[in-house]
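Pasting in a structure now, in structure tokens, and then I'll have a few things to ask.
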């Protein structure tokens, strides 16, 4: 429940790496640092899924990480939005066939926003976050 | 593990496994006595994507894009090693200009990677101002990489037989501006990192790796050099343009007068290597010969050459984190019969055990980060005490680290 | 380390003199890159399994070797293990790689550990156990390294025989989880296509072609 619109909370994101190559991780951190600085708008990475509104998932989901991804997803309180960053989480990307992958991500958890690119540019990630924010507001409106 | 958890002392602390390295994401298990680490153990494999297996089903032109994505930070290193190995099997010569362009891109990668690491190290110490400062100055190297290759990460510039893009004369000015920027920055970087009292207190004599341990555990790169092992593939084993350049390995005693093999020495080595890379790129730009940039531009011709290739070869490169090693065997088919990738962290991970044992729990983040294992491996920490399980987040672990910094500052 | 540096030929000679017929093949490859074409040397020694350990001890007398990695190939009737060492690191342009190749018959895939000589070999030995199904005798820690705990026994990803990865274990990520409820992509109509082609740019012609192909695929 919002008291007024201006009392709306900031967007906090939890980042989960499901076996990615690190490229997306770097770009996510680069997004948060001074050149792009989305922390101006209260967008920041948090260390616990329990504090998060947005789950950033990267990587093609290695078999060992599948149960952990599900656990992290369950720990995020509703309403939540899942954002898949990078080509390999969307369709496998260069890792399109493997014996040790359980992806793509939307095969494991429902994904709301896809950010393609290998890795996506920080501008792309910010654009995705804006889309995620719109969806989150819609979901918040639907809550009783 | 479950048996150990019933005991009150020593108690077990598992850390991980969310960790973004290539195939070395790690699940740690620590035996703790109070704040002190008695025993450390770890299990990698949470990001095992079976890249080598995939590669043995693809042809080298496809693999160069896979090797870019073995590790997002040192993408060009793996591609360079792999391409060099395949070129040796195929017995083809790479144009000299391509050798120089490869070296220039590899050195820019080192600049951005080391500055990235310095920021992460500062973050692990609770010095977030420095994290943001480091990443801000890193963006200039990223801009130049984007200018030269077309991408910020996973450059895709190296092809078997050469490179895919030339460096044009009008780009030189931008490159020189960037290099001057980092030259001017050197003194400032050394000052904020090395003369800071808190960093000295947290990093001096913390996470020590002796010279003998470094040798026996096969460590590579800045981690080995910080322990006084004189080893640098670029110097010892001439390849690409490095044989033509004036270069000597960076060792901490040249700057500090002694080698202790601790976290502080690892910071020294990496910061000085930023300056070394700037110097190497300048040398490359002076010496770069004119000519072709690839042995063969047409992909079908490269593919048909694979089918004639027989034999085995080694490709090595000094990545920002140390030696990258690729072994390729081809038997007249389009795809390699055997492909073995050895990433630099693969060699360095075992050095964690002697570094961590005897240290405090609050030192885990900085010691783990000090070998530059591709950052945040401590995303989620579960503490098991008296058989009860509680989740300790990375934030809390960083908080412990920050508190220790505060205690020391008092 | 104390003695003068040996040339690659001298190193090969040290081993052929010491082990004689136990060495099936020894060769040196060199590679010259850059403008000055300074050579780097790779030494390849194909040696009997029983002689590998004494050979490694001999190598350690020459210079304490850095073990890069152990790689392995499935050659059909046998497995080949390649121990990649480097020596004389720390000397400018003077480092050699030394690769010992050991052939193991498939009915006896055992290899003694070298972790007592080089503790850092543990990682790569563990990897060879799980990836190739080789038994490293006396390995101090025989747990799996990269593969998950539930990975089936008797499947070794790098093998090319029946113990390799079976097809049903391979997941095609590209083919999985395609969202079926997406709105159809706009299709360029025939008349528009004609106009576009009339403009005559090749790029536009290609663009005009694409939607019709996709339309066909959808009909399938």
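Couple of notes before you dig in:
Every chain is named by a letter (A, B and C) in the order it is written, and numbering of its residues begins at 1.
The rule we apply is simple: a residue touches a chain if its C-beta (ideal position, glycine included) is under 8 Å from a C-beta of that chain, and two chains touch if they have at least 3 such contacts.
Here the structure is a predicted model, which is why all the values come from computation and not from measurement.
Geometrically, the chain at the heart of the complex, using CA-atom means, is B.
Greatest centre-to-centre distance from subunit A is found for C, with centres as Cα means. More C-beta pairs touch across one of A-C and B-C than the other; that pair is B-C. Taking each chain's centre as the average of its CA atoms, subunit A and subunit B sit 25 Å apart. Centroid to centroid, with C-alpha atoms defining each point, subunit A and subunit C lie 33 Å apart. A separation of 19 Å divides the Cα centre of subunit B from that of subunit C.
Of all residues in subunit B, those that touch two or more other chains are 45, 48, 50, 53. Shared contact sites, meaning residues of subunit C that touch two or more other chains, fall at 147-148, 157, 165. Those residues of subunit A in touch with two or more other chains are numbered 60, 64, 88, 95, 97-101. Interface residues of subunit A, counted against subunit B in their complex, comprise 16-17, 19-27, 29-30, 33-35, 46-48, 58-60, 62, 64-65, 68, 88, 93-95, 97-101, 118-119, 121.
Those residues of subunit B whose C-beta lies close enough to touch subunit C in the complex are 23, 43-45, 48, 50, 52-53, 56, 84, 88, 94, 96, 99-100, 215-220, 229-231, 233, 235-244, 248-249, 287, 289, 312-314, 316, 323, 325, 327, 329, 337-338, 340, 342, 346-347, 349-350. Those residues of subunit B that touch subunit A in the shared complex are 17-22, 25, 45-51, 53-54, 57, 65-66, 69-73, 75, 116, 119, 131-133, 135-136, 138-139, 142, 152-154, 374-376, 379, 391, 393-396, 398.
Those residues of subunit C that touch subunit B in the complex are listed here as 29, 31, 33-40, 42, 44, 64, 66-69, 71-74, 82, 84, 86, 88-95, 97, 99, 118-124, 143-148, 157-158, 165.
Those residues of subunit A lying in contact with subunit C across their complex are 60, 63-64, 88, 91-92, 95-104, 106-107.
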